[in-house]
Amino acid sequence: MTEPVKLTLQCVAVLFACVVVGLLPFYIDLFELMQYTLFCSMAVLALSLGFIWGFGGILSFGQTAFFGLGAYSYAVAAINFGDSTPAIGLAILIPALFALALGYFVFYGQISDVYLGVITLTVTLILFNVFNSTAGDAYTIGSARLGGFNGMPAVPTFNMPFDPSNILFPEQSWYVTGGALIAIYVGLRLLLRSPFGRVAIAVKENETRAALLGYDPRLVKLLVFVIGGAIAGFAGALYVNWGAFVGPTIFALSLSAEIIIWICIGGLGTLVGPIVGCFLIEYLVSQIGTQQAVNSNLVLGAILVVFVVLLPKGLVPTIRDGLLALGRLGAGRSRRGDAARGHEIVDEGPAGAQPAGAE
Amino acid sequence: MAEILPLLQTSHLTMRFGGVVANDDVNFTLEEMELRCLIGPNGAGKSTFFKMLTGQLTPSEGTIRFRENPIAGNLPHQIARLGIGIKTQIPNVFNGLSVRENVWLAARRAARRDASAKRAAEIVDEVLQRIVLTDLADAVVGQLSHGQRQWVEIGTVLAAEPELILLDEPAAGMTDEETVRTAEIIAEINKTRALIVVEHDMEFIRMIAKKVTVFHQGRIMMEDTVEAVLADSRVRDVYLGKKVAA
Amino acid sequence: MTFTRRKFLKTTMSASAALAAPAISTRYAFGAEDPIKVGSLLDQSGAIASSGVTMVTAMEQGIAEINEAGGLLGRPLQLIQYDTQSNIQLYSQYAQQLALKDRVDVVHGGITSASREAIRPTFDRFRVLYFYNVLYEGGVCDRDCFCTGTTPAQTVEKLVPYAMKNSGKKAYILAADYNYGQITAKWMTKYMQDNGGEVLSVDFFPLDVTNFGSTISKIQEAKPDLILSALVGGNHVSFYRQWQSAGMKDQIPIASTTFGLVNEPSTVDAAVSEGIYGCYGYYEELETPESTAFVDKLKKRWPQIPYISELTAATYEGLYLWAEGVKKAGSIDRMKVIEALEGGVSFKGPSGEVKLDPATHHTVRNAYLAQVKDRKWNVLETFDAVPPSDTAMVCDLSENPDDNQQYVIDIKS
Amino acid sequence: MDLAALVALNVVNGAASLVLLCLGLAIIFGMMRIINLAHGEFVMLGAYAAVISANAGVNIYIAMLIVAPLCVGLVGLIVERCLIRFLYGRLVDSMLATWGLSLLIVGIVTTIFGNTMQGVPTPLGGFSIGAYRTSWYTIFLAAVALVVLAAIYGVLRYTRFGLVARAVMQNPEMAAVLGVNPARIYMATFSLGAAVTGLAGGVLAPVSGITPVMGGAYVAKAFITVVGGGAAIISGTTSASALFGLVNQLGAYFTTPVYGEVILFIAATVLIRLMPQGISGRFFRGTI
């Protein structure tokens, strides 16, 4: 009963998002459009971690490793080929392969929870250090200089597929980025409804039980991790397309932590949450810098602290629960399961955990 | 060839944790289609034994043979795929998923062996009826009572259609009525499959058991029919002594 | 379904485009009394804030002075300063905001070379005049961009021979591991060799290195006569302190292109900084009338201002150079201002006469060689009107006005 | 030979600095499973406390060894009471909150003291090993590290607080049954961890650049070391610090500091891969 409602709501939301993406360029000025283009590319990054963490149970402190690798792969390839089409492909492929290698190392080594976090963190720090020390002339790939701390300026932005002379306008870039965000959201939704998606959630829920049923948790986690890496890499390409620039600070610890913050604020275990959290925080950070009264760190820090204490579940789940409660009140009838609430509820059930067998 | 091999055979199976010996030189044999009960006080090594059989622990020494396959030290999912299913002592289910999804996840692996996707849905419906949770099929398992989750776990074990089913205290926390139904289901399963059941409830054991193995301090103390075991004074001492101490 | 939706989209799109059109056209209709907007992107929080905050003060001071004097072309100046929070992504974001939303007439800003390279393409793309007022490694060649700080040819060239004269011919180079450090180290090597010296080793350090123990051992093993340092940032200050505490301070002198650029001499102990050589375009201790007036004004604006260095002075002078250009052009039109600036503009600021070099869009300015004495810079020698000869080797915008890149100058030593 | 001694001293110095930096984090993370992302800022606060009090005329040793830990311990107490105690058992929330806290502390310190700070001179002089000069302060750091290690060992091993703390960390319910209030133990543990971190900041102040953002350079390395060390606070942290200090300093000596860092991180990755329970989980089981 609730399942069709949920599905309808999701479809309506996606349609609405499509309309917004389509119409936005006619209502806001170029600057805001470019700003939203940036936010959308960051939201893709947020989705990648939101997926592997919320639905695969993998907390990666180093999602920026894939983001940065994607960005650098794109930049190097785009400079060398002059065409963004294969560069985008490489920006997805290389981080995915890297995720495959790293994931094999980690998951098949039976490393879990905090230790996984530490390994991903150190890998990111290694990449940061390595890319940071590429300032010398020796670090040139084809015609692309990696440029060390200063990074690579003036990277070619997206062009029409296989038509390098036809470079996308900011409006077109917006359509591509916004469209990509929606497509990835829908893709992940579909994936989560597929048998594989449900197995992934099962592994996240209870790894031991999944193994005792004959599922190989290592393989499932590895696949989830690789998908997350590929999406993060793609986000990297979108990011470079926005700023025409990539530098090693993309691997910085602060960005890694920021992604985690987006997800915590938006709501872990949902797909909309990371997107919402990302938009909110990015907007906030950019607004803070335009005022001169108070130190920016102070404001951001205070907001985060207050948030954790007051809204620990994150925005989206809190609002959803609130709406559900309202709906129940309005309908004047209490639903099954209310009595069971309050004790031993491990998880309210993430949005993706729809009952199976519906099809 | 296959017919003369027992279904499950362990030899010299030993598990040590640091200085503690949880299982010591366990030689255990289970025939095809057999139903065996394991009893023994807490800490006798029954759960450790189950964990080694299912691959959650790698034995320090000794071998486990499931039909012709040596499985000691294999990973849990590999052993599960060979056809050993387990219901663990504490309900071990997917709390965030619905009842139907829990069962479906198990059925899907079974169905995969049969190479038929439709079969999975059929198995789910059958099993849901069998564990009498059809009405709660879409409820999130985490919100169910302890007993109901117990049933969900039994359901997942059934749906996976394993060759050998390990049940660790299946009747714990169940009402008398449910206990009877559990016994019935076990008898029914046993028509086609082998089971090993760990249980403390002697009434329950009487209901289902043919042959009983008694664990004590990590070793097999005796192995005989229900009547013989329950009549044995050593078994009484072990149990009663333990109970008084607890 | 799809068809109707598309049709719907199409109709709404054209309708909204028609609605939006008048809004766009009004944007360009400025009244004469509209303020001239000066954008500024500087870090006021995060790791680079220690450099950024004094630069913001200089901007505010300059704008206030110009406004008090009646503004430019009869119009007041409006400063739009964004705190880039030491975050490269925010540089790009705010650059777009300044260019597209605030529609500023000029942007002054950027501190690290990385930040400059992140925003320079944005200002090129959206045709906004850009001033970069920081000493850096040289080589930027872009008609839209003016770099008013010193480059290695203006400072390192003076510093190295002077330090050699007072120590010896063998140097050990320590530099921050990014482009500024890498390129400065090359210049240091070149000038060492030009003066008959020898470089024993060049070590690069990431900006977050705080423990220099093994480096100090290596230096002792190499036994140089002189340390040349291009270490950057708060973490690298640890080197000077660990150097002093190892008792090396009195044995091997240090010459640095970066020490003292923020306010290091007054934050570290006198024993740590005593005797370090530096060469910059400006020191707070300069006693010209322009300099003392400038220092007084800034101290009035912000009594606790830590130290007024070349960064601060160049920011102030950069603003005035631009203002001179606007006055000369009689317009704030970007191309007209650029042409006016290229026609030769100069300003007598706190650091002396600063003249724009039309070919490179860099400045010809004074360099001052100084040594720390009792936590103050003691100016030892003044070099008048030093040209940016490094950038001039690769960049001639009067020949190639369409050139737009940062050259890595091929240093032949 | 002299050079070898000097390099050895550097290794000792590197390891001692790491031990000092990590101990506080190890106490908080190891005993309470809270990932304190504001750890670097606690170091910074310790350095500020030491520097400010020393500049105000307090004896430098008192400033470093007493004022710094006291101040930061107090800050830790306040933070625990106002924030952390709501977050026990919520690893991710505690990370988010302490990240916010770290920004907040940086913001507050910048607002009050500005972006730069006058440092204090390094006390003690230098001495010679053959032809080479090094600082007595290196030895002093190692000595402080040893004393702190011994003190914490003593507290955990021999005091009632230590016993109860270890019990609470292993099983909070059990401790509650024993009549111990776990909340108070957590509070004390967090303050202790903060105080030790403050001490590290204090003693590192004379050899570091003092800025509000200086903490950022420490947090990742400290965290990696603590996890590499495993659950045992003393043996784990010491062994991991020694190993990483050695690898880092030798790497830096034979190549460059950049590769010194990279080698450290690679060593950490391999270590965790080979020993998922950390060094102490593999070799020093059952120790403190």
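Going by the order they are written in, the chains are A, B, C and D; count residues from 1 in each one.
To be clear about the criterion, contacts are C-beta pairs under 8 Å (C-beta built on N, C-alpha and C of every residue); 3 or more make two chains touch, one makes a residue touch a chain.
Keep in mind that what you see is a predicted model, and the values were worked out from it rather than measured.
Participant: Mind listing the chains that sit against chain A and also against chain B?
Facilitator: none
Participant: Return the distance between the CA-based centres of chain B and chain D, expressed in whole Å.
Facilitator: Result: the chain centres lie 48 Å from each other.
Participant: Centroid of chain A to centroid of chain D, CA atoms only: how many Å?
Facilitator: About 33 Å separates the centre of chain A from that of chain D.
Participant: Averaged over CA atoms, how far is the centre of chain C from the centre of chain D? Could you give it in whole Å?
Facilitator: Centre separation, chain C to chain D: 37 Å.
Participant: Identify all positions of chain D at which a residue touches two or more other chains, and write them in rising order.
Facilitator: In chain D, residues 106-107, 110, 216, 256, 258, 261 touch at least two other chains, as defined above.
Participant: Would you give the residues of chain C that are in contact with at least 2 other chains, written as numbers and ranges?
Facilitator: Within chain C, the residues that touch at least two other chains are 45-46, 177, 204, 206.
Participant: Using the contact rule from the top, write out all pairs of chains that touch.
Facilitator: A-B, A-C, A-D, C-D
Participant: Which of the residues in chain D come into contact with chain C in the complex?
Facilitator: Residues of chain D touching chain C: 3, 6-7, 9-10, 13-14, 17, 106-107, 110, 114-122, 124-127, 131-135, 137-138, 206-211, 213-214, 216-218, 249-250, 252-253, 256-258, 260-261.
Participant: In the complex of these two chains, what residues of chain C are touching chain D?
Facilitator: Interface residues on the chain C side: 45-47, 49-50, 53, 86, 177, 203-206, 208-211, 213-218, 220-221, 233-238, 241-242, 244-248, 251, 262-263, 266-269, 271-272, 304, 306.
Participant: Which residues of chain A touch chain D in the complex?
Facilitator: Those residues of chain A that touch chain D are 59, 105-106, 109-112, 114-115, 118-119, 121-123, 125-126, 129-130, 132-133, 253, 257, 260-261, 264-265, 268, 294-305, 307-309, 312.
Participant: Flag every residue of chain A that touches chain B in the complex, lowest number first.
Facilitator: Touching chain B: residues 3, 195, 198-199, 201-202, 205-206, 208-217, 336-337, 340-341, 344-347, 349-350, 353, 355-357 of chain A.
Participant: List the residues on chain B that touch chain A in their complex, please.
Facilitator: Interface residues on the chain B side: 54-56, 75-78, 80-81, 85-86, 88, 92-98, 100-101, 104-106, 108-109, 121, 124, 137-140, 142-145, 156, 160.
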